[in-house]
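Notes follow once the structure below has been shown.
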Amino acid sequence: MTADSLVYLGNFAINGLIEGLLISLPALALTLVMGIARFVNVGTGDYMTLSAYTTVGVQQVLATSATYAAFGALAAGVLVSLLFYATVFRALRGRSFVMCMIASIGVAFLIRSILTFLAGHDQHVIQVPLVRAWNFGGLRLLPTDLAVAAVAVSALLALFAVLHLTSIGRQMRAVADNPDLARASGIRSRRIMVILWIIVGLLSGLGGVLFGIKAVVMPELGWLIIIPAITAMILGGAGSPIGAVIGAMILGVVQELSVPFIGSSYKLVVPVIILLIVLLVRPRGLFGTYSGVR
Amino acid sequence: MLAYLTAVAVIALIYMLLTVGLNLQYGYTGLINFGHVAFYAVGAYTSALLSLAGWPLYLTFPVAVLAAMLVAAPIGLLSLRLSDDYLAIVTLGFSEVVRIVIQEEDWLTQGVNGLSRIPRLFGELGNSGMSDLATMLLLIACNVVAVLLILHLVRSPYGRLIQAIRDDQVAVEALGKDPSRFKVQIFLIGSGMAGLAGAFYAHFVGFLSPELFIPLVTFYAWIAMIVGGAGRTGGVVLGTLLLMALLEGSRFLRDVIPWVSEVQMASLRLAVVGLVLILFTIYRPEGLLGKRKG
Amino acid sequence: MAILEAMDIHLQIGGFHVLNGVSISVPHDSIVGIVGTNGAGKSSLFAAISGQLPPSRGTVILEGREITATPPRKRAQMGLGRTFQVPREFKDLTVLENMLAAAPRRYGETLRSIYFGFPNVKQEEKVLVERARDWLKFLNLEQVAHRPAGGLSGGQKKLLELGRVLMLSPRCILLDEPFAGVNPVLIQGISEKIQSLNKTKGIAFVIIEHHLEAVTSLADYLYAMNEGLVIAEGSSEVVMNDPRVHNAYMGGVI
């Protein structure tokens, strides 16, 4: 391999790492819900879309920087997440995975329909300061991307701190590991669910903003990410937070590295293929315990 | 007026065929298929492309059905190894992959530009409403035959066993019977029906493009099935009629509320689909005609 | 000669050793009971014998043939039936349909036969319906034959599970807690049916049960398990008076 092609691939790899970091946010949201509520919340993608649109809206109305507008996004994410927990997912407690997943697809459609009704199908952009890319002998790095990555990493660290260092985080992990035992030991499930969905809202909110910054804001934003996010969750092991992050990173890099070979339109095929391979070879993923195979 | 009603009836009958196939898979056998639109697409494009190459329609239709079943075969085999929840995700991803392949391989499918001038069914009867009427009658015949065949199957020992598989697969195995053969056969039959519906669609509308085969179509079939009552063929008929009322009714609504654009109407339709999915899974999962689960 | 033998069964579930070398032998035409505290490994033993969970060591022999590697489905076909701790009735099918779905048949379960072979299917169905009804009569379930199985009481569901297994003409049946959650009046009835099947049809039974009174009066031979091992075996009296058994169950619930 020549140095040139290494650099060429290297750029894709860098992009892949950053995309992987961004995918890890919804993947975490998915895996936490999977571990505690035992279903895949397809609506997570559209929580992200909503947050991205909120950022655009706040930015346009208040003419502020993306950073301040992002707080609006986080709030929107939390609100929509709590809203649908209270109205939909709480009512479906204990129902089969399929019913919950169908309802979550309904939630996804509902959010998307409201967004397109109000804001149309045009693409929007989140205004961030335009900075030239840094160039390290061919390897290009956009400072914006670096900032996005740094924010994502901070969020992940904060989340893992909550999961491992706070009592509520420990309780959440206990419920995910063994719901019956957790119930028997008196862990209050209502409080855990509320915290869970707040975290989901924060993760989706942040994910939406960051993806909106890195790419464009459009109605399909969340939908295009949900399948890679689900794959990342399953690759890392459904229910395992660290697995979601590592799975997302691996997926991000593999996805990007495939682009020079199969073209960027076929990018979505990569997660589906990886999903198939994982489910056939090692269904519980890298760190998971739920096997999901007959 | 008659022409309009005939057209609506044809579309309704196409959706009915689609939903009957899905109901066989999910309502009677308990197979979760979120990728139904993929086989609809394969049937449509296969018949269209072959007819454009000069094949007569009485050949392209059966080949379209076979093509759909061929594409369904690997998924059917996969369903033996994956649990319900993961099968749902895989089928969803698969249908998106099919759509992307159709979109990208434009040397074959004309991609986003769309496949046009597809020969119409009974086109030799001229451009007046006669060909539509003939198509409608053929579709009625097909639907009746399909429903009769399925009712016969469902009332037979075979039908009893697939419902037993739906109710408790582990018990079926403990009684010495192998569910695999049945699941694969049912999956293929249901997908073949989707392929047939696709072929009818292609030769009625005369134009195909990948955007027509998005997951929303799968979920149209799902709401028709859920609303009517999964597992009951009468329910499918009712559900399809209600679905058409939604799809066509929204068109009429625009005459009443003219300040809503067509695009916004599409958003409203999406919202209704989302709401139906949510409300029915929460409040009436057995559908309008289903029995309350004891 | 024994109809069923499990020899030196070791089983691990998720790294946890649930069975540490268990051997049981079921003579022809006998009723064998297995008792023990929760977590002793009783249901795991059934899982190993019926094939749901493969043992890490040990062999299972049915009528002289080794079935350790045979899939559960085939074991059922070879005459080894089982019921489940929590009944697994086909809830949206009627009681009669449950029985018919269980019956092994030559026709009627292939696409070809149902569309092209009506006469054979109808003929076979007639025979099987009669057989099913006979069994339902024996189990006192005939009055609910057309009720959806999901609406039955707990005890009736257990009887239905037994009925389904009987459609297989089994030689040996594993019953997992047949009396759990069943009202006391019905327990006597179920007990009598098990005995009748054993005496008149020569079906061997292996019964896991916590209801000591019922199982000790039924069983010809008893195994007591604790922590993945058999700690005592013999006739009911011998085992229930064994000091080791008392020790193990002090503070535990049998």
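Labels for the chains are A, B and C, by order of writing; each one numbers its residues from 1.
Operating definition for what follows: contacts are C-beta pairs under 8 Å (C-beta built on N, C-alpha and C of every residue); 3 or more make two chains touch, one makes a residue touch a chain.
Because the structure is a prediction, the values reported are computed rather than measured.
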item	value
Chain with minimal offset from the mean of all protein Cα atoms	B
Chain of greatest Cα-centre distance to chain A	C
Leading chain pair when contacts are tallied as C-beta pairs	A-B
Mean-CA-position distance for chain B and chain A (Å)	31
Length of the line joining the C-alpha centres of chain B and chain C, rounded to whole Å	42
Separation of chain A from chain C, taking each centre as the mean of its C-alpha atoms, in whole Å	47
Contacting residues of chain B [partner chain C, same complex]	149, 152-153, 156-158, 160-161, 163-164, 166-168, 170-178, 182, 185, 231, 293-294
Contacting residues of chain C [partner chain B, same complex]	50, 72-74, 76-77, 81-82, 84, 88-93, 97-98, 100-102, 104-105, 107-111, 114-115, 121, 125, 148, 150-151, 164-165, 167-168
Contact footprint of chain B on chain A as seen in their complex	39-40, 88, 91-92, 95-103, 105-114, 116-117, 120-121, 227, 230-231, 234, 263, 265-266, 268-269, 271-272, 275-276, 279-280, 283, 292-294
Footprint of chain A on chain B - complex, ascending	32, 78, 80-86, 88-90, 92-94, 96-97, 100, 103-104, 169, 216, 219, 222, 226, 263-264, 266-271, 273-278, 281-282, 285
